[in-house]
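Each remark here refers to the structure printed beneath this line.
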Amino acid sequence: MSTPAETVVAEQTTTQDRLVHRLTHFLQYHWRTLVLLVPFLWLLLFFLAPFFFVLKISLAEYTLKSPPYTDLIQWADEGVMQIRIVVDNFAYLWDDDLYVNTYLSSVKISTISTILCLLIGYPMAYAIVRSNHTTKHILLMLVILPFWTSFLLRVYAWMGLLNDQGLINDILTGMGFEPLRMMYTHFAVYVGIVYTYVPFMILPLYANMEKLDWTLLEAAADLGAKPMTTFFTVTLPMTLPGIIAGSLLVFIPATGEYVIPDLLGGGNVLMIGRVLYNEFHQNIDWPVASAVAIALLLVLVIPMMLYQHIQAKEVESQ
Amino acid sequence: MSQQIDYNDRPWLDPDAEPFIKVQSVSKHFGDFTAVDSVDLEIYKGELFCLLGGSGCGKTTLLRMLAGFETPSSGSILIDGINMTDVPPYERPVNMMFQSYALFPHMTVENNVAYGLKRDGVAKMEIAQRVEEMLAMVELTQFRKRKPHQLSGGQRQRVALARALIKQPKMLLLDEPLAALDKRLREQTQYELMNLQEKLGVTFVVVTHDQEEAMTLSTRIAVMDVGRFQQIGTPTEIYEFPNSRLVANFIGNANMFEGRVSENGTDHVVVESKDPACNFYIDHGMSIQEGSKVWVAVRPEKIKISKQPPGETSTNSIKGMVGDIGYLGGTSTYRVLIGDQRIVEITSPNLNRPKDGNPPIDWDEEVYLSWEPSSPVVLTK
Amino acid sequence: MNARLSTFLITSVCFVIAFLYVPIFMLIAYSFNYSKLVPVWGGFSVRWYEKLFFDSPEIWEAVVLSLKIATVNACFATILGTLAGLALVRFGHFRGRTLFTGMISAPLVMPEVITGLSLLLLFIWLQNSVGWPNERGFTTITIAHITFSMAYVAVIIQSRLAGMAQDLEEAAQDLGAKPLRVLIDITLPLLAPGMLAGWLLSFTLSLDDLVIASFVTGPGATTLPILIYSRVRLGLRPDINALATIIILVVAIGVLLAAWIMFRQQKQRELELNMSEET
């Protein structure tokens, strides 16, 4: 004979058991769905969905309410739904020289920075690949190390160096030259971007060169090619995938860069990331900020898709 | 415990014997590519069966279907009378030894070997005991606590074998079991593998591209090409009586002559070849039409080479000139030029030491090649 | 290699290393400057460290908040990124695969200003329509960080999985392990180094982020980068130099230690391998 209390306990354990059983059963048969669904839903909600809000607000009008934009869907008096789409924001961007110039200036700055990174990074990557085992590891470490330290602080470090009374000007005046104005110029922005992004050029180049068969160079030399000819006919074509990957990794983030032009370029350097940030935070014009974002995406969509394509191929080839 | 099949007791010749594994018109397509093309196969209990073929011939795909890693596009697979076609690998009474050995790098030798028993929920005491026995059998007891990367190639191979055998599978699948070993170790391991199989009586199915390995190991060989079996038979059958030019060339070397059947008797066949001009007299009858186009294959070691003409020169003999000699110590390989183009290869044992350092047959010498009427094989495809 | 080429290479290596490290060393040097004006040397002093340690509670609040966000972010991003990597490499084809691939790799190259803006707009909409999140700060920043960090983890996991022979998983199945069991026994342990790398990377990315955090944060929550930025925007500050020095030293020691441990392990492995070949 069992007391009522015992029966309750027994019942509880059976429900518990049943729950555990159901859970294990579910995991056993549906874990794949779970594995897929969790990150999938996360990305749908926090990555894809937000873009629709950007798109939606870029088509709305600025108002003084909070939030400062009009609804696309409005209810007229008799319950008739109206959809108001305003392309004024985009027209405004197009008509205003400031925006057009900013886009052009951004693309120009990031293109030149990418080329500079390539010119500096290529010999570096080449030297890393061709050096002996220990040196290779030390050099790689030295390239990667700054990446782990704060990006903001590294840009800040340049504020000290480029300052009117900074180290570089100290050395210049010490040698009897006139001090240079470097802070808040395009030069400072180039230095900042190249400094920040050169590891992103070196590492893909290194990864690409590391896999190459270097005896091909000897074969070319053996067949009578001069060093320059070998470089342009063998080395450069072989390392092209690395060059493209590295260039995209510099070009894409540099185009939308905000911190570097803000800290080092001041008001003299027009870059789109900075305009977007200010439009949003200072002017509180969300519709225009959203339109700027959409337009920036349009500028970057081709390089971004190219990079994804390369990335996917890379994973497949492994 | 059952023994390996006695050579004289061949179940595949016994119409009443029940095959242990039945592969029934199994095909496997990957997109447009047909890896395995409607094959039928019967393997008997205790056999050491080899699937032999070049890369991409479908042998590995067939093995993976036996293991359950691939599902056949059509057809069925029966193991011990039970349909296993759609049974997942973890529910099949079959284990596999992978070409890479696939030892779990984060587990010790002991845990690698015990893994299969743990998955079956065998009691801890029993697991410990069986692992002990298994490690003793493959002579790895002192390495039990090591990780795979601390073992040599041969030791890893034995761990893989122990791990696959400990569940006492109905069938052990071996994917290129010796490919990762160096030559000397490979030969030694071949015999160890055969002894082990004989001792345990487990049916082995081995995939290999190495014809010597297949010849040494197997009770029967299936030669595969482009997803089909070209021939299934004992090593002797495959070597001495290949059924096609492909098999004759794949297993060992063969000199191939094209010709037409000029005479078809009850106890003999004569094939007339134009290039080189020669009559082949073969001392067994065949069901073949006179005048039809055939190929005659003669193995290099079945051809006699001599400076004197044989007694009768019109049949089973040709004259040629030595073009090349490969001295291999125990044997020499002669490449004899017949006419301008045709080369016939002969392997001949070096029975006597050459006098005064001069080889018995030298370069550019005229020689006569001859063979017994029982040596040539007539091939129709 | 000919002499001219190697001279050129050595010069360029020295240039790159100097370019990367001189600013950092100057930053560290000037943290010991007595002068309030950063670029003007006024003698050696540790007064900015004293100020930082004893007179800057707001900096320490920001440090704690940033570390909290970074830790939670790293844990979630590692889990989500690992799941995503597994699904992409091991599940073959499934519906929505192309979309999924696109979504997982897009955050890697998306300009921060766009990610920040779009997430903020989402959070505001959610707040207005479902009442959650009721305030912006820790939660919203963490969610934003997880979203881009998981993409980095997924890339690491994907490349490790692709490089990992499927043999091992098949061998486990062959020995009787059901797919979930294979995942727990074989796949995840072998992915552990990749997951650790992903965790560390996510942690660092989160500590480093300024732009996205400053979009999605609210009035109450100031992360360390936001605090530093608000100060250095107006010019050089010696106490920030002191803070930077501490951060850089901590990170450098951590990274070098990790590298040293990895190097040691590799040496050990090679040694064991040699030993086994001799026996």
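Here the chain labels run A, B and C in written order, and each chain numbers its own residues starting at 1.
Throughout what follows, a contact is a pair of C-beta atoms (placed from the backbone, for glycine too) under 8 Å apart; a residue touches a chain by one contact, two chains touch by 3 or more.
Note that this is a predicted model, so its numbers are computed, not measured.
With chains as nodes and touching pairs as edges, the resulting graph is an open line. Using the average of C-alpha coordinates as each chain's centre, B ends up farthest from chain C. Centroids built from CA atoms put chain C at 14 Å from chain A.
Here the spacing of chain B and chain C, counted between their Cα centres, is 55 Å.
Across the assembly, chain C contributes 178 as residues in contact with two or more other chains. By the touch rule above, chain A contacts chain C in their complex via residues 27-28, 31-32, 35-36, 38-40, 42-51, 53-54, 57, 67, 120-121, 123-124, 126-128, 130, 137, 139, 141-146, 148-154, 156-161, 163, 165-167, 170, 195, 198-199, 202, 227, 248-249, 252-253, 255-259, 262-263, 273, 276-277, 280, 286, 289-290, 293, 296-297, 300, 303-304, 307-308, 311-312, 314-316, 318. Listed in rising order, the residues of chain B touching chain C in the complex are 67-69, 88-91, 94-96, 98-100, 102-106, 115-116, 119-120, 146, 149-152, 155, 163-164, 167.
Residues of chain C that touch chain A in their complex: 1-2, 5, 8-10, 12-13, 15-17, 19-24, 26-27, 30, 37-40, 80-81, 83-84, 86-87, 89, 91, 94, 96, 100-114, 117-119, 121-122, 124-125, 128, 143-144, 146-147, 150, 154-155, 158-159, 162-163, 178-180, 183, 204, 207-208, 210-211, 215, 225, 228-229, 232-233, 235-236, 240-241, 244, 247-248, 251-252, 254-256, 259, 263. Within the complex, the chain C residues that touch chain B are 165, 167-168, 170-178, 181, 185-186, 189-190, 269, 272-273, 275-277, 279.
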